[in-house]
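In structure tokens below, several structures.
Both of the next two complexes hold chain A, though its partner changes from chain B to chain C.
Now for the complex of A and B:
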């Protein structure tokens, strides 16, 4: 053997390749994901990220309150705590949920590291590899990431302007069960859904509960945006209609601030017990200091008034986006008109592919999330999610102007090459629940 | 206190920003491990103020695509009188544009793929159908369609039939207004890094052989550890390795590159075919220059430090 052969490296640059769990399959670097790195530059109008705008919070006064918290209660607040979460914040959460008609007992709440971890706990408790999770078509990218991590199969159920279709839901249940599949739950976001912005009507909610009762279907209701209603009073939560068939996920990320990472699960007693034990195995206890800090905010500040401030701010941004789209989108585009939350779902003229044209958009200094990120089955190529939560109204208008130019250029390109006005499914786009996409 | 500060420039606004940031962090850490004083900076409105505020700055651009490879940043650094690692502006421009680099090295006698370069306007004004037909005739299948100014295989696709040309063209035009269509070269894929230190002629590091498991060395295969098998030095006959080294050095010289470059080559029937040269090669954990340095018995940190010393000595 020559010296060169002795020194030759034959490597895949990862010595643990044979040790990874199967669930890591597909966890790869993606060119689409990498483009979001550019979206974070100030030159780019990012209509991609779902980051709440928390600049209007009373930071100076809250800073004082948190200092006092550390001075007066630091020994407890910086110590380990209960796996279920601290009793005082669970009491407070009952008050928050009452705003949407939920009557709950603090004992039935489990605190989590954001509602993202609540979703992880629920999936861990219920799902084995290969189990079916039903979800709206499209659905939240972070939830798809969680279901994928637990090797669940997501089956999308069509939705319309009133939310998920009960008829399609029933049909999916029957078809899947007839094929011997195990359906574990329906995952739904009834209010200002991520990514479509669509809200389930009251009648639709009642139908959904009826389907769940008749079909023995558990509903996971994810409700991070419910109080951020922009045009009307909040709708009653599904959990307010039935406490046996619904596990409810809540969050302070949008109504206060996401950095504390505090969310919660409200679940029937037997489920709650398992969630607590699972939470202890995962984290020992959710962040105690964050619970104290949020309880301080709820105790000492006008949190309802602050939500009103947020609503006014988001309403102006939503209105800017709808006006910008009306002015700049080419013929053949359609979009949703959300009554709250953070997102508009844009459907492109036939044949255009939002994922394929993302590099062109980034060159034009505007970013969005391609629709394919919100499907587990490769659909959504003709869609994109536009967020109005973070940029100012002026920037949103400018962003829609740039986007309009990009769409027109892409249409011209398609015309040049005579590409058919038909949509074709892509491979699945696993963007993962990254903070700049959520 | 060091007598100079290395400013590692990474990020930028190109489609390869994410990779550049990863390369920049790796280079900065390697230089710090060599005991150098290092600051990291994006290329943004604060850059000139930063550079002018430092005593004796030396820039180390690690920008892939955009102003880092089209010569814009190098020209700026020259205007500011700041020494920098890497190729001068005209050379960066030449190598970044595949439509310019290919013919230049071909004129000097290197083997390159048969190719055609066409802007979008040409398709629009003359009608795509005729041009697509001509491309199919002259280049043949399989072919590669790429943007002329892009890296990391972004926008590049292999095309096997005429019916797939339009879609591949649109995908590549998403990265720029001009595309290059090349014959697909079947063979062993290798890359050869060239280093050039003060007072020394350019030297090739050992070739690195690339075998992506998916069969395509695309963005995912490039930057996900485990997705590609790398063999360094490449398992090729000595005379072929020497021919590859010669191609890489010749391309480095013909294009006027300086300090560090990397040539991508496919070996077809024992003959190296030059695909492209990179004036700002990747420096990430899965990139090829660090692997080549290791195969050449050279510590990556020492390599970076020698490049800085070379830039300072100019």
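Now for the complex of A and C:
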């Protein structure tokens, strides 16, 4: 039976085919996803995943602390809790955000099941089908998945080495509004952006806030990596510059551990109220035990010191990746030099196609995420995202070596058979968010 | 400043008023919600909340087990996980469901952030705005909140002492389809229904499955209380009778502890696939640490024995409530006699209005949830839901005594001022789901 026949039969077997909501039309498992299950084999160096390396956490001591939490406060920690999230962890989160210059009140924070769910709640509160969401070109694959799930149209705004371009942003706003489109917000990752690793300069942040004020534009600031700065102190968050035009999304997934699934939204009062009601309808309350467990960590452990440990570990990995790329990439390749976070964005020499060569790369035991996954409009085929967060420095160097060989083999092949046109849109790669690519 | 003026000013202060999605129009904080914060004071006997009593769990020993989990498997338990949920807990859930006659494969289970989020995912996959959802009259307040959040129209179907009426169900299907309406599913709680406490008889279950098969109707079976049977062995789940027409929702919130926020969906293969992609867009992955923690409990503790302990405890509370009601309710009141679960449904003598008298009841230091919260169509003003899950038997008896006095005072007042028409729709009470009323 051919693949097409099998799919047809699967379709006939789904007796509920006529019952699904319209929003499910965009849902599909990408063929590339299958490759990632291969990429997780130990012999493959995966530069694809965005999983933090949490091996350095003080597990034995933390286990003891959680044991005491269950013994002494289990009746509260294992019970239902507040739909907004527990007050004590919201207080603690204010302390965490103060590290990036944010002055916030615990009342304006809503806890979520990871910051992915924070983004889901914000999109649910703001977006009707057909609404426009502005986002960097490229942008986080998980955010594109959420916007797609709510049937929004993503319009990408050009970025440079200082982040999203205010000129291009202003132009996009004017063009879209003149065409009668409803822009709901700009989604931006100011620090060590996923996937490019680019950080907005201070001047750029001020310009962005000015555009938002003048144009009545809401900014969704997604900041999971902000404290993982590798070369300098953290820059002030956009939310530190204006509390009315910014909805801020935070997360413990990269600064502590993702398995607890605790993120948060900091929002202006009126928005916050809608988020709480939406969270209650979505989950009754976000994970209660996780909130107690994270508060225990923040209370009893040196979380600032631990972030310092993480920084040192990720700095060595970032440096390994940059050294490996400098040594192994063929001429004509360029890449970003991130000041923090997890990712480097590689641009291939003209004619190479990162998505097309992925199966050959995985055969050569190295994996990455093709750039097309980070665009809603089919661009990005000459790009790939390389993560330095999870493999050891030695494995990262080996990964870049293998990648360099794959690229050189592709170039040799193209010298024989001619170049592809990799600067035109290639059709979108709907990877969707997933734990193995994030 | 009057309440209306204050609301107007709040509205003017919200600069994003024109930006919200249409679905937020139904979002509002009910005035009744404010009462429940009072109801949580220790001097009030709250018969309102649906919180389980988890005081009997072996906390010290469980704390030790979780400590070992973190020490030995923390790197996996605190990391990102599968969007579908971890395989080992899905295997365990098959064992739990087998207690109610369900034969399932772990592949067909999707883990959720509490079964509230399971319901959210299912609704998201099936329902467009304006679609019809059928539900018992009355039905779970949190489900009504979810259906409202997705802009569905709930049509209630009459029930009797054996559960939802198949005749009324068939008639509703025919009438609605003849009017060109799209029915997406029937939402039903077969065991110890929230809010009525009513259980579907075996014959009734078979009739329901027959209707679903004949009418191509999908059934969403919500079964959080099923194992908390107080007088007999659990009945077979609807899903045990048919695996094609039933999507089953389960939860650990009542049989273990709600704070971990772990529920699940068991769905036919094609539906399950859409649920996984939807879960990834919503949360990347459901709470990973919670899944490990619950698997540890199921592996290392006598969970069946613990459910036996819970049954004995809830049986004493149910019996206390039935005895208290028999002693203290004024003539003309009737109530259900639940065989399990958490709830009794009280019908007041004609002319009494449960919603109107709630502030006076709270003043008299007893709280309940007015029946109108459980209807999307304004019915239920002569009803209230009384929970026996959380207060001790002594407090339950005292609560029914206080309630009896409130009812008698209301009757005296109505004898002076005349009866209200409490059998007509009174406008909906949008309580929404919340941890304190569930």
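The definition used in the following text is that the second predicted complex is superposed on the first by the 424 of 438 C-alpha atoms of A that agree within 3 Å, B and C clash if a C-alpha of one lies under 4 Å from a C-alpha of the other, contacts with A are read in each partner's own complex, and residues count from 1 in each chain.
Basically, a contact is a pair of C-beta atoms (placed from the backbone, for glycine too) under 8 Å apart; a residue touches a chain by one contact, two chains touch by 3 or more.
Note that the coordinates shown come from a computational prediction; the quantities given were computed from them, not determined experimentally.
Undergrad: Could you classify chain B and chain C on chain A, in the superposed arrangement, as clash or fit?
TA: fit
Undergrad: Identify the partner contact of A:14: answer first if only chain B is touched, second if only chain C is, both if each is, neither if none is.
TA: Touch status of A:14: both partners.
Undergrad: Would you check which partner chain A:38 touches, where first means chain B only, second means chain C only, and both and neither mean what they say?
TA: first
Undergrad: Mind working out whether A:416 is in touch with chain B, chain C, both or neither, as first, second, both or neither?
TA: Once the two structures are laid over each other on A, A:416 reaches chain B alone.
Undergrad: Let me test your reading of the model: by the given contact rule, A:54 touches which partner, first (chain B), second (chain C), both or neither?
TA: In the superposition, A:54 contacts chain C only.
Undergrad: A:122 in the overlay: touching chain B, chain C, both, or neither? Say first, second, both or neither.
TA: A:122: touches no partner chain.
Undergrad: Going by the touch definition up top, name the partner, chain B or chain C, that contacts more of chain A.
TA: C
Undergrad: Now for A:362: first (chain B), second (chain C), both, or neither, which partner does it touch?
TA: first
Undergrad: Just how close are chain B and chain C at their nearest CA atoms in the overlay, in Å?
TA: Shortest inter-chain C-alpha distance (chain B to chain C): 6 Å.
Undergrad: If I apply the document's touch criterion, which positions on chain A are contacted by chain B in one structure and by chain C in the other?
TA: Of chain A, residues 10, 13-14, 17, 28-29 contact chain B in one complex and chain C in the other.
Undergrad: If you look only at chain B, which of its residues touch chain A in the complex?
TA: Chain B residues touching chain A: 11, 13-19, 21, 42, 44, 120, 123-124, 128-129, 132, 152, 154-155, 166-167, 169-171, 173-176, 206, 218-220, 222-233, 235, 285-286, 291, 294-295, 297.
Undergrad: For the complex, give me every residue of chain A touching chain B.
TA: 4, 7-14, 17, 28-31, 34-35, 37-38, 41, 43-44, 356-360, 362-363, 410, 412-414, 416-419
Undergrad: Would you pull the chain C residues touching chain A in the complex into a rising list?
TA: Touch list, chain C to chain A: 10, 13-17, 19-24, 27-29, 51-52, 54-55, 57, 59-60, 62-64, 66-71, 74-75, 77-83, 113-114, 116-117, 120, 124-128, 131, 142, 145-146, 148-149, 184-185, 216, 218, 244, 253, 257-261, 268-271, 273-274, 277-278, 280-290, 292-293, 432-436, 438.
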